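Two complexes come next, and they have one chain in common, chain A, joined by chain B in the first and chain C in the second.
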Partner chain A sequence: MKWPAMGYARVESLDELWQVLDAAGPEAQILAGGQSLLATLSFRLSEPSGLIDITRIAALRGVSVAGATLRIGSLTRHAELGRDPLVAAHAPILAEAAPLIAHPAIRNRGTIGGSLALADPAAELPACVVALDATIVVASRGGERRVPAADFFQGLFTTDLQPGEIITAVEVPVATPASRQTIVEVTRRSGDYAMAGLAAVLAMRADGTVDAARLVFFGVGSGAEIATGASAALIGAPLTRATIAAAQGALADDLDPPGDLHGGPELKRHLARVITARALDTFLASAEQAA
Partner chain B sequence: MNEIVTPKSLGLSREDLPNSYIGRSVPRPNARKLVEGRATYTDDVTLPRLVHAAFLRSPHAHARIVSIDTAAALAVPGVVRVFTGADLAKVCDPWVAVLAHLKGMKSAPQYPLPLERATWQGEAVVAVVAETRAAAEDGVAALAVAFDALPAQVDMETALAPGAVVIHPELGDNLVFTRTAETGNVEAAIAGAHKVVEATFHTGRHTGVTLEPRSIIADYNRADGTLTVHHSTQAPHMMQNVFATQLRMAEGDVRVICKDVGGSYGIKVHVYPDEMAVACMSKIMGRPVKFIADRFEAFGSDIHARDHRIKGRLAVDAEGRFLAFDIDDLTGIGPYSVYPRTSAVEGNQVVNLCGGPYAFDNYRCTTTVVLQNKAPTSQYRAVGHPIATTVTEGLVDLAAEALGIDPVAIRRKNLIRDDAYPCTSPAGMKFEGLSHHASLDKLLEMVPVEKIRADQAEQRKRGVYRGLGFASFIELTNPSPFMYGIGGAKISAQDGCTVRMDPDGSLVALSGVTEQGQGTEAILAQIVAHGVGVPVSKVKVVTGDTQTTPYGGGTWACRGAGIGGEAALQSAIALKEQILEVAGAMLQAQAASLDIVMGEVVDKATGQVRMPLAELGRIVYYRGDTLPKDLARELVQTRHFITKEYPFAFTNGIQASWLEVDVETGMVKLLEHWCVEDCGRVINPMLVDEQVRGGIVQGIGGALYEHCIYNEDGQLLTTTLADYLVPMAAEMPDMHVGHVETPTKESLLGAKGAGEAGTAGAPAAIMNAINDALSPLGARVLAQPFTPDRILRALGTIA
Partner chain C sequence: MNRRIDITLTVNGERVSRSVDTRLHLIDFLRTELGLTGAHTACEHGVCGACTVRLDGDPVRGCLVMAASLDGSVVETIEGLSDSGEIRDLQEAFVARNAAQCGYCTPGMLVTAADILTQAPNASREEIREHISGNYCRCTGYQAIVDAVEDVLKSRRKSEAA
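What follows is the complex of A and B.
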């Protein structure tokens, strides 16, 4: 199908954005990488009055570290995320996630801000930022506010983003020597949306004791799903196959996945248990080495 | 090798001459234009006064069309006109897709747009024509069509049951066609067998996803009463006849032009109602009308295929010899048989092909073809072959397991002997010459079976489950009129080629077979260059124009090389003879003492150059006054070719798949794949290998990924490339291709088809490999595609 007719404006600064947003009205849509938005236009699933292209706003670009915080500009492309040395050093799960996101052409255009704003339930980055306990920085004409990632996502394609607001950056607490991060997903083909995925971020002492754990699933619910029971099952004891099994067991209460074209809820529950073990097993070796 | 194909019989001096092109991997002359984006696809054609069509498609699997209000659509800026089924029926007769030789077959009349009822979700119901496609879609969005949803017959298993929704009441029931082939005494063989294995297989409904979607421009010119159709099709002459017949025109007033085609796989050899609607609208409006299907509507309106449930039994004696195959096939084909090839051929092929590689005496196979409210199915690459191969090879592995015999050994014991030809299969197929044992031997040279079995045993100790699977197959190619013509369809089994020499010594070959990206034009150029004796760069090939090319059937059923190639070879040889006659007169030499090598007339005995073809051309075309008055100097020859001895040129081969099943996730990782096939004379080894690889990939698609999934209401759920999974490069294994060459004696060229071998055997090889991997766990999968969900269910991991 062809796009409906619509307006287009490209802005160079946030100030200009606020003006154009006011002029364009609520039916206009922000355009960043466009890798999901343009497909919905092609299916005529949405018919915005116009697109406001923010890709030239310099303030939304760049990756930097200040103190214990890694700041990732919202226009950071997935491909940049995958090759940025600061990201690799301070939020390695994001670097690990990047190659799992779709295909190179999409990674070259898609942005982290766009992915978070869309809140696709099968997307990798929302789960990663929730697992990292990141903060989403949003701005509007009225100023800036900071929202914990876990509060930002409110359900299927739904976020805390208000009309007139855009995401400007993601702030991630930098990894410490205690940090353990990994992302594991099961896809039919490389680049597909995950049948089930897990972003796991742990803090482990030298003796292997887990001080903190955030297991966040994607592709198994309406969004980035924090597995609270499974996460809690890991905390306070050294990571062992027994605690991993306990975490797997706790998923029964943590997750209530819907079926999809790949199979029913039971398939998703099963895959969630499998990837929990596969993700956490990668930390076992280091725990044993430390012990 | 054919005795007749010698350098002498070909009229060549030496087989190793530079212009000996048959059997050489010559680069494709059209590859560069394709990769540089300089091809001319139908959508690249623009014409003055062109308008664009878009269709409102039925949102229901089955619904009565209550009313169509076009007022708002007509008010949309850019919209020119709106057409309903009733509007188009005034200029177009309906068609009924049955073949007379498929006894008892029935189907309902089909119109470009339905008159009263929509019978599948995705069926075009109303057409909007506008200045742009976008405006036409705006018009579609503004249409107000009231539907009265009717109960839908979705499940083929209940299509003939009491209480089924009879989709076309005038037909009485949903049965399109049924046929039973029976040879010997199956019941007695089964009763007396040492063992009988039995299983029910499913092949998944899928489709051929062409890179270029279906595309058409119809341009009716009122001034001279002609209809010119630019069409992405495999069969221009067939479509010429269809347009003329249905639109009540003289065939000579219709011209079908088919330039570059971005893949077809059988999808583009059918009559689609939306494309017929485009021709109708052009005739009514006297303007060119373009329709390019988008991916979304392609999934719901391109033909689907392979929606079969097959129950099979194989009886064996104590030594593992096959006694009887007993097969029951059921297929749902949508609400209409597809014109003009029909939708019964796939099931009929299952009857023809089951058990095909093997020697046995007792055979029974029934196909039952039924209507349902889903997209119509019809011929897609390797029609029926992957289904027949799946059930045959699946049963063979079951028998091997039941008897404790190695899968290779049981095949070797039962494959038809290489010295048994000619022979006729229990299903009635005549085989001229196949090479199952030579192919198996060659495969075993390529597949390191012992190493693989050692690795398999080692990996199993570590909880890694790998499997090796085999699948022998036969493939039907070079069809005679026994495929369609005998049933009354105006589908040509013969094909022709005209080769001419121009003044500069270059050649132009016009062929009735067509190019869809697979390299037809490349092999035709090779054959003509070889036959005349010129560098391949001196040959230009023209295909895809009913007004300029000899009448032919186009490209389908692997006939391009075997039929079109032989016509090209014969016309090239005839032209060479004609050139040498003229050269003899000029050089005062016997024609028989001369030869043509790399574009120059030479003395055959010494190789001495006597005259470049350009000089001969100069004299013939510009100084004909200097030649003897009675010398025939037409440097153009046409030959047509049709097979006469055998209804089909069967090919054969065997494939092997080595893969790993992740028994925790149910994912299958393909490690390596092998195929040895015998397509007779190989013209361009690289193109044949890539045909086989591409075919394997589409077979892998059916086995693991591709599936048109409908819900119980008949709604198609897989309408994007995110949901309909085509096989992609990252998941494909290394594929090793080997050849055995048993040329057909029906032609000088000796070529049989190569395009469907990969697709025919790959799904069965993969199924057998998966089941080999799962065998220590007592699990087995028989329903394609073999998804993680199905594998985990077979393992009992999920219920």
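What follows is the complex of A and C.
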């Protein structure tokens, strides 16, 4: 249906944003790409008193590298993530994730900050930034704070963002020669939210030994879920079919998926095992070559 | 905050100024304020692609863009793309391949297909399908649409090579 009556204001700077936020009160919401928020208005799932459009704030744009950190401005669009050479070089999983998010027209508007702030349980980017051990940079009138991605997400559509705060950037440790990153998901139709998905980030030595592993699932719970047992099962030994099987086995304790429209918990558990093998098999080839 | 916003933007090369209600999305703005009825409203929550238009050079879902946010923007609709001749070969291929049946999805489909021509001139059939996956067509089964886009990609590559 048509959107509810609401106010609208566009701000050009963070200072202006803090003023407008104060004046607008708690029922106003931040509008970035709008690709989820505006759809929720159509469903009347949300009825903000007003929308504060931050898309012209220049400080929230741009991708840059400083030292060992890749900084991605919160207004970076999914399409930009998919084609940015710095993202491809330093956080390839984000470039790989971009084409999995909805469809081209939506990727031209949707932003990484918006996706992280929404924290949809089946969204790709929250899982990616947790797997990357990224830091979410949050700002308010009072200043800036940095939150590890794993602490930022607190459950179904719930984050650590406080009233009056917005995400300004995501800081990602740059990939090293040891980094192995990939994202795999299962959808019924291209562009749908995942029935089950996995963002996998490993550190592997030249001989194939896994020094660090973070397997983060999405679409199988209330948000980005770190599979601690499966991740641990990979660490300290060369990656082999046997260690992958051990990781698959550990998922039984790691995940407790609810059923959804697609099927029951057993289906999700099965898909989680399948995509674990699909993701890790891509690293196996390089490990075997090295051995 | 205001519930009516003054905007000035460029639509199909013409400068237009209006005062718009914040409830209005880009497609209702085009259809009701400007009489440009080529872009279609259908699902109105970003799923079907019938409202796809170009905003600042990129295809977008018109139903997921606030008209109030458009000050300073450049919008191109199927009317503008038709008048400029930019996609004449694509439109002719849609006719030749019977890629438009009821026609409801066609304007959005053409805007998305035009994006393939510029962004992915070497797209395979599989990549064409992927690119139009956000544009629903309930008539054709997509085969004829993929045929049409593939024809144009081939003929444009040939004319560029010549």
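By our rule, the second predicted complex is superposed on the first by the 291 of 291 C-alpha atoms of A that agree within 3 Å, B and C clash if a C-alpha of one lies under 4 Å from a C-alpha of the other, contacts with A are read in each partner's own complex, and residues count from 1 in each chain.
The rule is simple: a contact is a pair of C-beta atoms (placed from the backbone, for glycine too) under 8 Å apart; a residue touches a chain by one contact, two chains touch by 3 or more.
All values derive from a computational prediction rather than experimental measurement.
In the superposition on chain A, contact of A:L156 is made with neither chain B nor chain C. Looking at the shared chain after the overlay, A:L45 reaches neither chain B nor chain C.
Shared-chain residue A:A68: touches no atom of chain B or chain C.
In the overlay built on the shared chain, the residue A:A242 is in contact with neither chain B nor chain C.
Of the two partner chains placed around the shared chain by superposition, chain C is the only one that A:A79 touches, whereas chain B remains out of contact. Put simply, more of the residues of chain A are touched by C, taking chain B and chain C as the two choices. In the superposed model, A:L267 makes contact with chain B only, not with chain C.
Of the two partner chains placed by the overlay, only chain C lies in contact with A:R10; chain B stays clear of it. When the shared chain is aligned, no partner comes close enough to touch A:A206: not chain B, not chain C. Of the two partner chains, both chain B and chain C are touched by A:S190. Touched by chain B in one complex and by chain C in the other are residues 1-5, 43, 189-191 of chain A.
By the touch rule above, chain B contacts chain A in their complex via residues 132-134, 137-138, 141, 294, 296, 664-665, 667, 705, 709, 717-718, 722-723, 725, 727-728, 730-731, 787-789, 792, 797-799.
If you check the complex, the residues on chain A that touch chain B are 1-5, 43-44, 186, 188-193, 195, 261-264, 266-267, 270-271, 274.
Within the complex, the chain A residues that touch chain C are 1-10, 20, 24, 28, 31, 34-35, 38-39, 42-43, 49-53, 55, 79, 99, 102-106, 108-109, 189-191. Listing the residues of chain C that touch chain A in their complex gives 1-3, 5, 22-23, 25, 28, 44-46, 49, 52, 55, 58-61, 63-66, 68-69, 71, 112, 115, 129-131, 133-135.
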